[in-house]
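Presented below are the structures under discussion, each in the form of structure tokens.
Both complexes below contain subunit A, partnered by subunit B and then by subunit C.
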Partner chain A sequence: MSLDSRRYADVTVVAPSGRIDHEAAGPLERAIAPLLAPAASPAALVLDFGRVDYISSVGLRVLMIAAKSMRARKARIGVAALTPTVAEIFTISRFDAVVEVYAGVREALAAMSPSALAALAADPARGGP
Partner chain B sequence: MTGGEPSPARAPRVGTAVRLAGGAVLAALAGLLALEPDAASRMRTAWFDALQTLSPREVASLPAVIIDIDEKSLERVGRWPWPRSQVAALVDSVAAHDPAAIGLDILMPEPDPVSAERLLGGLRRGTDADGGPRFAAFATNDQVLARSLAAAPTVLAFAGMPEPTGRTLTVAPVLVQPTGRATAVAPEVLRFAGAMTSLPQIDHAARGHGIISAETARGVTRRVPLVASVGGTLVPAFALDLLRVAVGEPALRVRADGPSVEGVVLGSLFVPTEPDGTLRVDFSRHDPRRFVSAVDVLEGRVDRARVERKLAIVAVSGLGLADRHTTPLGDRVPGAEIHAQLVENLYDGTSLKRPPWVLWAEIAAFGLAGALVVWATPRWRPRYTLAATVLSIAASGALAWIAFDAGRVLIDAASASLALVVLLGTMLALTLADANHQRHALERAVAAEREARARLAGEMEAARRIQAATLPSADRLADPRVDLAVTMTPAREVGGDLYDFFPLDARRLFVLVGDVAGKGLSASIFMAVSKALVKSTTLRSRDADLGALVSRANSEVSRDNPEMMFVTLFAGVLDLGDGEFVYCNAGHENPVVHDPRSGASRRLADGGGPPLCAVDDFDYRDAATTLAAGDWLCIVSDGVSEACSPGGELYGMARVDGVLSRAATASASAQQVLDALRADVDAFVAGGEPADDATILVLRRTGVA
Partner chain C sequence: MKAVRFWGTRGSLPVALTAADVRAKIVAALRGTAGRSLESDADIDRYVDDLPFDITGTFGGHSPCVEIVNGTGEYVLCDLGSGVRPFGQAALARHGPVPQTYHVFMSHVHWDHIMGLPFFTPAYIPGNRVFVYGGHPDLEAALRRQMDVPSFPVDFSYLRADIRFVRLEPGVPFEAAGMTVHTKLQRHAGDSYGYRFERDGKSIVYSTDSEHKLADPEEARSFAAFFRDADVVVFDAMYSLADAISVKADWGHSSNITGVELCQAAGAKHLCLFHHEPANDDAAIAAMLADARRYEQITRTGRSLAISAAWDGLEIAL
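Let's turn to the complex of A and B:
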């Protein structure tokens, strides 16, 4: 699993890739832990799952912990661009009730923060306007 | 996500503590060398003696000759003491050979005990009056000797005494010549309170007087004072005054820097000495050529050249009479030979030297070699350190040997080598102790790890037992209206699957399959607690709707969840009479209902919510369906649906449907269906290690009323 992190205004977008299973859950948990700390600045956290093939229950647990932390400080957390397998897992496990699910990062930012959406639009790496 | 293992920290600097301790020992040993304690000085003395034994002085010239009153002389002339007149005759005979000076290494403190006037003194009272003056006209033996002594360049010996003797000392003047600081201080030389001199009558007749006392250390004479102090008066050594009389100098001078003597000046000759005015005599082997028998001199049988222009030392060596001294070479020689050798040293300008800088050079060399030992011992193999030490010692020994053989400079390689060996021993011991300590620490760490592993294995075992013990057996349900089979295959490490079933009342059966997200003992305990909570909640309110029940279970399980685990759960209540099935799914895999008559499968996907603990106070809703008589219900955990093939493919619920359509016939038993499904999953993973617990619950409503 590899992990890519990007900041758009007040929203941090983390994009893991590969399988979030027993082995990858630990690194993911450690990677997003600093973003969940009460002192951390992002108003919202979006996990771009566009390149995630599979997520196990251990991976879901990381999401649950993140969701609880964010909710505790009234910040939002969402997942975006689920692949069919992951979408099915989310449907079965009803994790759509745990985190917000969006079709894509753009949609997630649109729902969460206009300034982050503007920042995304200006990012040439994401294709720009 | 990259990063990799942090590079292992550098091994702790090897033996830092050992080196510090070694440095302290090194400093202490260097200090000890500088202080020259008795043990080191013995070592040093033995080493110097060894150097001298290996390289004794070669006799170059024989400036002194010993006129030896030996056994032969005593046999021929008579036993000792000789009458002084006989000694006088010997002095006259020696003088006839024209020596440069004659020294008498004989103490004569009392009047001649065998002189004629003393023998006749007792007779005088009994004879007539005219007998006395006749005797009185005779010269006494002492007078005869005094006359002989006065006629030749003679020197008498005296001995230093620890107590004052009341005798008047007659010596040539020894003047102090200060160097450096202008003020003349009394030089710090060997001190005696008094002196044993010869009878004044004899003493005054001689031209020179010298002290014969020498320093002996454990019976060996190594240094001889050239100047000493008797009752505050500086006096010359017997051999030195003999030389003075021979060259006709009226006085001697001592060159001194404050109390420290630099040397003795005799005319144009300068003899450097130790700071205390002593000379380290460079000894040769005992040499019989130094000796001439006294009787041969008396009887004129000695070649004139053997005595002419030499320093003749008259001494007694006859059996039991001579004072014998041991030289550093191990020879036991008469005192006179020590004087003769001293004369040779003075004459040849040779002596053994140990300038003050030599000690500092030794300490510096020890410091260098010691530093190498301290640095290398914790790092090198012991045999290399040992080899380096042996080399250092050999090099210092060789250097000391060369310095001695060529320059007569005494370098103490022994004390420094001993100190080096002590240091090496200490370092080896410290290093060994340190290595032992580290090995023990390592052993402790390994033991601790083993213990931790054993504890973990024990924990796993305990977890497995908890998990197994809380799961009910299908045999417990002996009800003809339902056929139920259930299995749970634990993964290598304990998972957290749970299932349960129990009748709520005569009509209704409660079934439950769940999965705790997490591993190990905590997951197992959480699983057990969750199951117990759900069951107790269910049994407390049998008629409450299932959604409310799961909501309450969610609150209860969430209340104490420090490890942030969650539980997926499928709970259902089957009415065994009419087949109504009320269920609530908290994030669990959707169960399958299979109709063997039509061969169709459907999923129970309505109602429910997220897993327990995921969202606090979630309002779960239940859903309802009907199981027709003969319908199969199959609930699995994700250990089945997400079982992984060697190619990385997931098993999936479609395969579960496939197995059910083949195996779940109207005539099959629940156990047969379960076995078929398990066999299919096993074939799919093809021997791979199951990643998660796999639970299968198969239930058929038989339709029996």
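Let's turn to the complex of A and C:
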């Protein structure tokens, strides 16, 4: 599993890839931990799951930890661009009620932060100018 | 080993269908009759048989009591929830006054798992033998105390069967009723114990009131070993995964998803969801079953895992 992280204004977008299973959950938890620290303090955290093809219960636990941490300081957390299998796992596990689910990163930022959406639009890596 | 038979499947507290529940089932069934010919009894039977279980039946009902049918002629039970009352009536109807031997394995002594004993008629009849096994040092005291005044009008001493208590040690195999029994300590308030019953190359696991901490891989490995190649695993699936690890974390229960993952890791053949949440109606339990089956399909890498949701009266043949 690899992990990309980008900051768009007051929102951090994290994009893991591959399978988030027993082996990958630990590295994901360690990679996200600094983003949850008070010093990082994004107004929102978005996990771009467009390149994640499976997540196990242990992976979902990492998401639960992140959700609790973000909510504790009244910050938002969402997931975006779920693949069909991962979307189904979110429904089955009822995690679609734990975090906000968006069709894509753009939709997530539009809902969470206009300035982050503007930053995304200006990002050449995301097809901006 | 012949079968697992369920007499009580509800967790925490017995529940009963209300009049409104029954009416809703009738309405749902009638709604599906539009345009169908139901003129003969056979037509009606066919129609009813095709309806989903959560409309034609109910998961129930009584608090935990599960019978292990092992072919020895002696009765084996897991827990003394309210389901032991109909079990006892059925045993009496079958044998009349002929004395029988009952082996009862107690997961723990929380109320829902012991409340049926005062209503277990065979325990009042001289000549019957009742062996009560468990890992808790206060097992006998807990069973006696619930029959003390003012909680119950009939004292434990009125139970005239030969009742004996046997303390089991986790990790120490035990022989009873022609089976080898393995005992495992589980995570639950005040501790609980799971049991693995083996006989004639078949195995049944009873693992309820057991919370699984997902961050602990060693714990997951030890349960996979306990469930290894089991023919049936009766599993505490009280909550959704999201609830089990958030608002209901440390409540001592588990989820349908964790049951699937552990049984897959163990190579078990049949997962039976058990200890249903009292707040869940039949439709909610049916949805949890459907979710578990779909998750098993998504995550299957080898042999398929059969999955059912226990209901009062269900029998799983081995």
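Note that the second predicted complex is superposed on the first by the 128 of 129 C-alpha atoms of A that agree within 3 Å, B and C clash if a C-alpha of one lies under 4 Å from a C-alpha of the other, contacts with A are read in each partner's own complex, and residues count from 1 in each chain.
Going forward, a residue touches a chain if its C-beta (ideal position, glycine included) is under 8 Å from a C-beta of that chain, and two chains touch if they have at least 3 such contacts.
On a predicted model such as this, the values are computed, not experimentally measured, just so you know.
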Q. Putting subunit B and subunit C on the same copy of subunit A, do they fit or clash?
A. clash
**Q.** Broader residue contact with subunit A after superposition on the shared chain, subunit B or subunit C
**A.** B
Q.
Quick one: is A:A110 in contact with subunit B, with subunit C, with both, or with neither? Answer first, second, both or neither.
A. neither
Q: Determine, under the contact definition given at the top, whether A:A33 touches first (subunit B), second (subunit C), both, or neither.
A: neither
Q: Look at A:L60 in the shared chain and tell me whether it touches subunit B only, subunit C only, both, or neither; answer first, second, both or neither.
A: both
Q) Which of the two partners, first being subunit B and second being subunit C, lies in contact with A:A118: first, second, both, or neither? A) neither
Q: Check the residue A:T85 against both partner chains and state whether it touches subunit B (first), subunit C (second), both, or neither.
A: both
Q: Classify the contacts of A:L3 with the two partner chains as first (subunit B alone), second (subunit C alone), both, or neither.
A: first
Q) So, does A:S93 touch the first partner subunit B, the second partner subunit C, both, or neither? A) both
Q.
Residues of subunit A that sit at the subunit B interface in one complex and at the subunit C interface in the other, please.
A. 22, 54, 56-58, 60-61, 64, 68, 85, 92-95, 97-98
Q: Name, in rising order, each residue of subunit A that touches subunit B in their complex.
A: 1-3, 16, 21-22, 24, 27-28, 31, 54, 56-58, 60-61, 64-65, 67-68, 85, 92-95, 97-98
Q: Please give the residue numbers of subunit B that touch subunit A in the complex, ascending.
A: 1-2, 515, 517-519, 564-566, 568, 585-590, 608-611, 613-615, 618, 638, 642, 650, 691-692
Q. In their shared complex, at which residues does subunit C touch subunit A?
A. 214-215, 217, 220, 240-243, 245-246, 255, 257-258, 261, 291-292, 294-295, 298-299
Q) Which part of subunit A faces subunit C closely enough to touch in the complex? A) 22, 54, 56-58, 60-61, 64, 68, 85, 88-89, 91-95, 97-98
